[in-house]
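You will see two complexes here that share chain A, one where it goes with chain B and one where it goes with chain C.
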Partner chain A sequence: MTDRGRRALIWAWTLAVLVFLYLPALCILLASLTASRYFLFPIQKWGLDWWRKTFESLEIRQLFANSITIAFCVMVVAVVIAFFGALAFARYNWKGRTVFQKIVLLPIFFPQSVLGLALLLWFNAIGIQTSWMTAIFAHLVWIIPVVTLVISIQVYSFDPALEEAAFDLGASRWQVFREVTLPVLLPGIVSGAFFAFLLSWGNFPLSLFTTGADATIPKYLYAKMVAGYTPGVPVLGTVSTFGAALLLLGGYWLVTLRRRAQS
Partner chain B sequence: MPEGPNLLKVPKDCMSKRPPILQLKSLTKSFGTFNAVDGIDLDIAEGEFFTIVGPSGSGKTTLIRMLAGMEQASSGDIILSGTRINDLPANKRPTCMVFQSLALFPHRTVGENIEFPLKIKGIDPAQRKVRALALLDQLRLPPNYYGKSVLRCSGGERQRVALARALAFDPKILFFDEPLSAIDYKLRKTLEKELKDIHRETGKTFVYITHSLEEAMVMSDRIGVMRAGNLVQVGTPNEIYSSPKDKFVSEFMGDVNVIPVSMNGSRTITADTFDKTFTVATIPQAFSKGHLVIRPEFVRFVTEAKEAENVLEGKLYNEYALGSRIQYQVRVGENVFIVEKLRQHSSTLRRDQTVLIGWDAKDSILVTG
Partner chain C sequence: MAAPHETGKGLSQGARNALPLMLFMIIGFAAPLLTVIAYSFMPPRSFGLTRAPTLDNYADIFASNSYISFGWSMLFAALTVALLALICYPIAYGMARLFGRWSPILTLLFTIPLFVSENVRLYGWILFLIKNGVLLGTLKSWFGIEPESILFTPGVVLLGMVYVYLPFMLFPMTLGVSMVPNETREAARDLGASRWQVFREVELPLSMPGIMIGLLLTFVLAVGAIAEAKVLGGQTIIPITHDIEIAFTYAQNWPLGAALAVLLMIVVGTLVMLVLKRFDLDAILGKR
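This part shows the complex of A and B:
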């Protein structure tokens, strides 16, 4: 094959992958821009009415508040626990470490709907009323292992001699942690935080079982799809998806800025 | 008129017998039943450049980590300026280590790295900067490196930054854990000399570990050769080079001729693997079996048997150019001998040529073991 032909093929393949990945998200955007009450493709009449209606709805505002609160709490708790978990996972050699590594990672592979049901049964058994607060706990069960893994990747590349050197140069254990361990591992912690927030933000199966009377955006979307579809569903879907993308891009931009300022 | 001893006339040499800054007394580190460091006794003088050399697994890293306070000694004493410091953690010891990986803080600039120990001591930023710039200058780094990220420094520059950071701590003793092992040959040779110069400028005590005796020879005042947790021999580079204590030390030095020999009844030394009696300068007491060691530069080509005290006939097998010297491999029967001489413009030696090689008794060493 000629060099030109090969390059054309690579481009075509890349384009196909991009279309496959991003066209569905784009369709959601298009579906939200209809003036009609029903889901009809191609769109007959364009309009922004459903966007206005959606944002005026108090119910939707409550959904956003719930989803953001849950995701934020999950992020804070998950990062703190997973950070120390990652140190145990990847930094220190201790008896039982390999067992710990397997046990910690296992919940990632549990079917989430089963995990959600199990948690619901358990909350019932010990008499806890399910609400957005129990959902935080449920999310944590699945998200802490993921974040532990994410931060561990950074910890694996951490040279333990850095801590020894700081200690040797007179720093106390706390100073070593604050001046060396924490800042050097910060990129891993930040990506862990993004993972925690976004995985919680988009989580449906665990929320379905464990939020009780409260609702999150994914849970509401599902309910509306099952019964009572309006173009408000793709509006919310678009906001949810593009919000997550913006958050990620913003984070990436901040990291790049910081890196540029350093050098 | 005879008087009492004149104390003012004490020869200067006695002054060089400085008191030890660091004393190790039967220092041991055990891992289970295995002694990584097996009862080491050693005095290191103030201002000395002392190098511990040994192959990997000899316990040298464990030893230096104990001295720096990163590893707890199992038994024995570490005495610094008269005080036992076994139980002091690394951050309370007035010593500092330059690590093999250098352990520069990647999230900080060159200046911040150097200032780290000063910041920990609570010295104000202005003073810290003055000190850091002085150290940059001392280590031949330009002042604009102060704000440079350590990730953008070359290998040699990173070495200098690591050393500057350790010097900023102003330690009583500086430990080095093979910091030059990952550096290419040419730069390593430069940095070895530079380190020796810095040692002289600062007057501090340096304790260095390496697996390269060649590196140790270049820099050290004294060398300790380590094997299996023990110091086999301690001495000046010259002593280690010219009178190795045993086969291990002599072979550690690089290419060397080692002939298994025994003593027969009439106090003569004969080779074990071929028929030859050697003339040697001194025979150690109670010697019965051991090795005769001859450095390749002391073996020379001769034309007649009377030109050297020990002469062997062999065949020239190959020659290797080593820069300013040429090394020849000569085979005497099944035995391989190495001869080194300075490069000359013309050489008449040919492969497979029969040659006579010889050395004088004073140039060979008889070692037990």
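This part shows the complex of A and C:
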């Protein structure tokens, strides 16, 4: 096969897999736009009624509030801890580093449903009632390592000589941190923050066991799906899919703009 | 690279930076796992950790047919991993070698689904495959044929797992493939190696670290999968995670569930340790 033919084949395959990846989202969008109580395809009557009904529901507003609060807190805490974690992971040569690197990876390479259960037992053993606050903690166990890896990739490409130069020029430790380390690592920190927010927003296995009486959107959707069909499910599903897509595309656009402005 | 302003007293600078994360992992990861282990030795149906330890739960498990669920979980995870390796390799190769300036936007498109809850995405498949859904509804109205829905069969569970875990295979693999230096590949070609030889002798071994991470990650996630079998499979297969969840919810037998979880952890943990031990993470993540 020629190089050209192989190239075309790989492109075609990649695009086909992307279609496969987005097909369910398309189906959910379609289902959210029907006017009838049950989903029948081809759609007989289109309508936005279910969107209106969903957003008027107080329960759903509460779910949104829960999910956003949890994701926001997770993002803030995860980025702070993971920032220093990433410096230890990739910047400094210290004695325990290889062990530390492996410990960071362990929660990622661990079945999340089992982790959720383990946390539930642990909260129960030390007498903590599960709620949205324990869910934040549970998400962090999995998300901090992910964010640490994301920031680490940026730290690897960071030249420590920059910091040393600043020290030689008489900058204090805090000045070096604020004027050199932080700005250089900012792209990694920003993508880490995106990862943290979105992974928490979409997380289901950890929330299932650790939110207690509070619910997040994924947990609520799961309960509804198992119980039977309601058109509110496609609406919420569409919102969470497009929300994630918009946030990411927006972030990507901002990063490219910034890069262009710099060069 | 020696850290500047090394104080020499107390912890090294690296250890000080690692400290918050380590403390968090102790209370958030190590302690919960120890709790599960402790529970697995409590007498059946106890809800505290204060009773005399026993091995009853493990005896119960080995006497029961839980091994069937274990088997399903392992089999489906292995199948998922194998399929994903075949599906993702050409894409990873394209991302690293062919797509050039399109790579970032394609990466983004492959990333977005990661952030949508897996049950939402699986739900889309139900709408696609269900009777009178997108696929069957279209077939019916265009061609007038009405095949049976394939929903709630083991095959669909596999489809769901492949679908959900695809990015987790793709990204490490892309990282691995981009670690192969172009010069090495060209040198092999110049020395007369066929395309297949280049792939087998150069491409594959050099991208192995990334590929192994992808295999391991998807296997671990797939063994812990719970939503796919439930949402798409309609209980035609029962994975081990389902047994664990049942023990904790309907059966109200926490120690039994904990013992099952411990067995799963042992399997997964052994695999992870074996694989991770062999790789230098700096080389995988750091090399650009």
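Assume the second predicted complex is superposed on the first by the 248 of 263 C-alpha atoms of A that agree within 3 Å, B and C clash if a C-alpha of one lies under 4 Å from a C-alpha of the other, contacts with A are read in each partner's own complex, and residues count from 1 in each chain.
The definition used in the following text is that a residue touches a chain if its C-beta (ideal position, glycine included) is under 8 Å from a C-beta of that chain, and two chains touch if they have at least 3 such contacts.
Small disclaimer: the values here were computed from a predicted structure and weren't measured.
Engineer: Put chain B and chain C onto chain A via the superposition and say whether they clash or fit.
Structural biologist: Result for chain B and chain C: fit.
Engineer: In the superposed arrangement, does A:11 touch chain B (first), chain C (second), both or neither?
Structural biologist: A:11: touches chain C, not chain B.
Engineer: By the touch definition at the top of the document, which applies to A:147: first (chain B), second (chain C), both, or neither?
Structural biologist: The answer is neither, since A:147 touches no partner chain.
Engineer: After superposition on the shared chain, which partner residues are touched by A:162: those of chain B (first), chain C (second), both, or neither?
Structural biologist: Touch partner of A:162: chain B, not chain C.
Engineer: Touch check for A:33: first (chain B), second (chain C), both, or neither?
Structural biologist: A:33 sits against neither chain B nor chain C.
Engineer: Who does A:183 touch here: chain B (first), chain C (second), both, or neither?
Structural biologist: first
Engineer: For A:70, decide between first (touching chain B), second (touching chain C), both and neither.
Structural biologist: Neither partner.
Engineer: Which holds for A:193: it touches chain B only (first), chain C only (second), both, or neither?
Structural biologist: In the superposition, A:193 touches no partner, neither chain B nor chain C.
Engineer: Determine, under the contact definition given at the top, whether A:244 touches first (chain B), second (chain C), both, or neither.
Structural biologist: second
Engineer: Report the partner of chain A that touches more of its residues: chain B or chain C.
Structural biologist: Residues of chain A touched, chain B against chain C: more for C.
Engineer: In the overlay of the two complexes, what angle sits at the CA centre of chain A between those of chain B and chain C, given in steps of 10 degrees?
Structural biologist: If I round to tens, I get 90 degrees.
Engineer: If you take every C-alpha pair with one atom in chain B and one in chain C, what is the shortest distance in Å after superposing?
Structural biologist: Between chain B and chain C, the minimum C-alpha distance equals 7 Å.
Engineer: Would you mind listing the overlap between the chain B footprint and the chain C footprint on chain A?
Structural biologist: Common to the two interfaces on chain A: residues 164, 167.
Engineer: Please name which positions on chain A make contact with chain C in the complex.
Structural biologist: 7, 9-11, 13-14, 17-18, 20-28, 30-31, 39-42, 80-82, 84-85, 87-98, 100-115, 117-122, 124-125, 137-138, 140-141, 144, 148-149, 152-153, 156-157, 160, 163-164, 167, 173, 198-199, 201-205, 217-218, 221-222, 225-226, 233-234, 236-237, 240-241, 244-245, 248-249, 252
Engineer: Considering the complex alone, what residue numbers of chain B touch chain A?
Structural biologist: Against chain A, chain B makes touches at 68-70, 89-91, 93, 95-97, 99-101, 103, 105-107, 116-117, 120-121, 149, 152, 165-166, 169.
Engineer: Touching residues of chain C toward chain A in the complex: what are they?
Structural biologist: Those residues of chain C that touch chain A are 1-5, 12-15, 17-22, 24-25, 28-29, 31-33, 35-36, 38-39, 47, 49, 87, 90-91, 93-94, 98-99, 104-106, 108-128, 130, 132-134, 136-138, 141, 163, 166, 216-217, 220-221, 223-227, 230-231, 241, 244-245, 248, 254, 257-258, 261, 264-265, 268, 272, 276, 281-282, 285-286, 288.
Engineer: What does chain A use to touch chain B in their complex?
Structural biologist: Listed in rising order, the residues are 159, 161-162, 164-172, 175, 179-180, 183-184, 186, 262-263.
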